[in-house]
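Can you keep this structure in mind? I'll have questions shortly.
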Amino acid sequence: MEFTVKDVAAFLDGVVEGDGSIKVSNISKIDQGVPGTLSFLSNPAYSKYIYNTLASAVIVNKDFQPEGPMNCTLIRVENSYASLARLLNLYEKSKPVKRGIEQPSYISSTAKTGENLYLGAFAYISDKAVIGNNVRIYPQVYIGDNVVVGENTILYSGVKIYADCRIGANCIIHSGAVIGSDGFGFAPTSDGTYSKIAQIGNVIIEDFVEIGANTTVDCATMGSTLIRKGVKLDNLIQIAHNVEVGENTVMASQAGISGSVKIGRNCMIGGQVGIAGHITIGDEVKLGDQSGVMTSIPDKSVMIGSPVMEHRAWMKSSAIFRNLSQLRNDVIQLQKLAKQQDKE
Amino acid sequence: MEFTVKDVAAFLDGVVEGDGSIKVSNISKIDQGVPGTLSFLSNPAYSKYIYNTLASAVIVNKDFQPEGPMNCTLIRVENSYASLARLLNLYEKSKPVKRGIEQPSYISSTAKTGENLYLGAFAYISDKAVIGNNVRIYPQVYIGDNVVVGENTILYSGVKIYADCRIGANCIIHSGAVIGSDGFGFAPTSDGTYSKIAQIGNVIIEDFVEIGANTTVDCATMGSTLIRKGVKLDNLIQIAHNVEVGENTVMASQAGISGSVKIGRNCMIGGQVGIAGHITIGDEVKLGDQSGVMTSIPDKSVMIGSPVMEHRAWMKSSAIFRNLSQLRNDVIQLQKLAKQQDKE
Amino acid sequence: MEFTVKDVAAFLDGVVEGDGSIKVSNISKIDQGVPGTLSFLSNPAYSKYIYNTLASAVIVNKDFQPEGPMNCTLIRVENSYASLARLLNLYEKSKPVKRGIEQPSYISSTAKTGENLYLGAFAYISDKAVIGNNVRIYPQVYIGDNVVVGENTILYSGVKIYADCRIGANCIIHSGAVIGSDGFGFAPTSDGTYSKIAQIGNVIIEDFVEIGANTTVDCATMGSTLIRKGVKLDNLIQIAHNVEVGENTVMASQAGISGSVKIGRNCMIGGQVGIAGHITIGDEVKLGDQSGVMTSIPDKSVMIGSPVMEHRAWMKSSAIFRNLSQLRNDVIQLQKLAKQQDKE
């Protein structure tokens, strides 16, 4: 598809500055701009690229002040990032959507599937599973006994969902994610071996949740591991048994949440963060990358470090740590001085 | 299934306190208790929930002393956690077990399979593989050439086992786990590229091992990567080439063990721990979450931190780190004082 | 296959010391040597094993000086490690290579496949995909729409490649790796929920790249996530959207690279390293295990720690941290002394 810059500006309620008749057919990053594409500028760190970009047009915030000549047409909008998101989503929606049931695939005779299903080849729907309308199940997905999948949800190739789990509507689960694997529960015995504690609970994922590639969410020992409405989990995250993640909490890649942790709503959990078992994280908490959390944390805390501490204190302590040998040398100097004075 | 509390108590060699004729049909967590369910109290931190739980009956330790009125029937037992484990396992065993060979699936004409097999659709058994009796292989599992799988082992959907690996009896491997992928071995060349070193060894997993979802165990360069009897690995763990993990060692999620590390028996390795290559971890070692281990560690050590140190010393150092700017200010104050004295 | 030690030495341009007529049929580690096998000594830490190894012959560097009697024949070569690599590769190449198309598998009528293909059962090739000559695609692999796979590349069982990605020639991708899953991009909205930003870019993997088991590489928001020629990624690594990894850079297990990071060529990234978004890592940079990187790093830096610092400074600071309570006690002692002097 090809549009004039003028048409794009009209769609975005934007104002054209320059030649509005130029045609664009794709979207590019401003530092990798290509003629015939539309780019955007939102992060000020990238402003320097606008003066040399090869993109034909660039979407900018309406108050953008150029500091030199440019070769591109501008589209001034209220919020360039939001405008970009609208265009990307438009582009995405223009792609054909897969529908129909490919063969060979496997649907148990006791499973129920909704209208407008896409079921890829080699996908498997087990006994008594219930699949909503407009669901897309890519090849090689596994859906266990009694699983429920809500409408409009997309399960990409190779997703595995164990028996009894419930997936909400409008969710997206990426390839290789595992939902409902056994919690890590073992009882030590007197001879040093461990005996397995059966994990009879499930996972409940509410609506509008996105789960990244190869992320794992264990079932509860009893009851449910809960991923609330609007949660977004990145790739390679571990959610252990009986965890609850509150509404709209987002979690970056490789975070690990231990058993029975309760995380509040609208939190931001950084990459590679680890949270120890049985503690509570309040609402709107922000945890920096690689944080290690060993005790409960109140609402709205902004913390980092391992073990975590208040963010500004961590900045100071880390700066001193960098020159810790200087601090020690200062102390040794003072000790020498004291000794000398003692002699005098 | 439904049981009276009296029947459950008899099964557990427990004593009923309250109405033993009440019926229960499921197990619940005490803080999420529901009428008609049986709950339990083991962790003292959860004692407060027993006074308001809606669970019909609660299993407690025989010396439990209530501190207020309760609405539930009690079952007093020797060890409430062990009793719970027995009940959960009973519940689990009451579920129907999958058996038979679903179609389409793939079994090489040179493979051997035992009695009572469950083979899910789209599962693949390659040339000369040998599968023991009562093995359950869920859909979309891959079993490479010459692989041996011992009896009663369960491979959940999507497990991948490379050629030549050996899996013991009574093992459980969860979805997405990869056994026998190439070790990370490359030789630098003079032009800055790397040439691959063929990884011709295998993985040997002994009996009663459980391996978590999306965990990876690389094959040895030569010889075998060894996971000893009774080892329990959580999700998303990395075990590199030629590692040996000793009997009954348990490892929490996202731990990473580098090449040729030898870990002793009955160790407890925390989540997100990293262990550098070619070192030895003794028996009964405990490593706290997020530890980083760069040198060998003797038997029975209890360590944490990155780099690891003795646990109590780490607690002290971490507490001081939290106020490191205070320590520096104290030193600056002393320096000023010394300067002043010098002038006087 | 069986060879005389003399034949092996000739192949390696080596010199036999001892009985060259002995026959060997496999390769073993020196500390696990078995009669009838050939072992090697490269890492000096393993020298002690040569005096008792049961291996029939051992490849050593030409300047190796034994410190005691040995039972094995020696083969002296220029570089024992390189010689080992040659032998392992020879052994690997002697194994039969899978070819042909197994059934059931799925090839879209609009896909193109090259000569000499291996396509395992339950593998899936989607619309308009283009597969080069001599490619091996193991069972249960998924290849999305428009994907290009270069010649001689191997995709092990369960690899998932999303639409529009391009994989170079002579690559190896291990089981469970996911290429092209959506980048983690969400725009916060005024009601606290997040709206998804469509990820319309792809992943480009150049030639001679190896990607480990269960590693994830997200597609770009726009444009391409780039894995340059000769890059080697270990298992369970996260590469976020719009990252670029430079030629011949190697990365150990469980490293995580955030969005839009640019990594130079010939870097060595340690295990469990985390790199924050939108920064640049120069060429030939070495980052120690578990490093946390929050700002850009110049060429040839050798760094470690979280946040990272120069390697030697980190060694010193870490050593002091280990006894931080001693340092504090010294300061307290000085304070007491000062107070006392003040009184006097």
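Note that the chains are named A, B and C in the order they appear, and that numbering of residues resets to 1 at the start of each chain.
What we mean here is this: a contact is a pair of C-beta atoms (placed from the backbone, for glycine too) under 8 Å apart; a residue touches a chain by one contact, two chains touch by 3 or more.
Because the structure is predicted, anything quoted here is derived from the model rather than measured.
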{"item": "Inter-copy rotation, subunit A to subunit B, in degrees (Cα atoms; steps of 5)", "value": "120"}
{"item": "Subunit C against subunit A, contact positions shared by both copies (same if over half, else different)", "value": "different"}
{"item": "Computed distance of Cα centres, subunit C from subunit A, in Å", "value": "25"}
{"item": "Multi-chain contact sites of subunit C, meaning residues that touch two or more partners", "value": "104, 122, 140, 158, 176, 214, 236, 254, 272, 290, 306, 321, 327, 331, 334, 341"}
{"item": "Contact footprint of subunit A on subunit B as seen in their complex", "value": "27-29, 32, 43, 45, 81-82, 84-85, 88-89, 91-92, 102, 104, 120-122, 138-140, 156-158, 172, 174-176, 208, 210, 212-214, 230, 232, 234-236, 247-248, 250, 252-254, 265-266, 271-272, 289-290, 306, 318, 321-325, 327-328, 331, 334-335, 338, 341"}
{"item": "Subunit B contact footprint on subunit A (complex, rising order)", "value": "104, 106, 122, 124, 140, 142, 144, 158, 160, 162, 176, 178, 181-182, 184, 186-187, 192-200, 214, 216, 218, 220-223, 236, 238, 240, 242, 254, 256, 258, 272, 274, 276, 278, 290, 292, 294, 306-307, 309, 313, 316-317, 320-321, 327, 330-331, 334, 337, 341"}
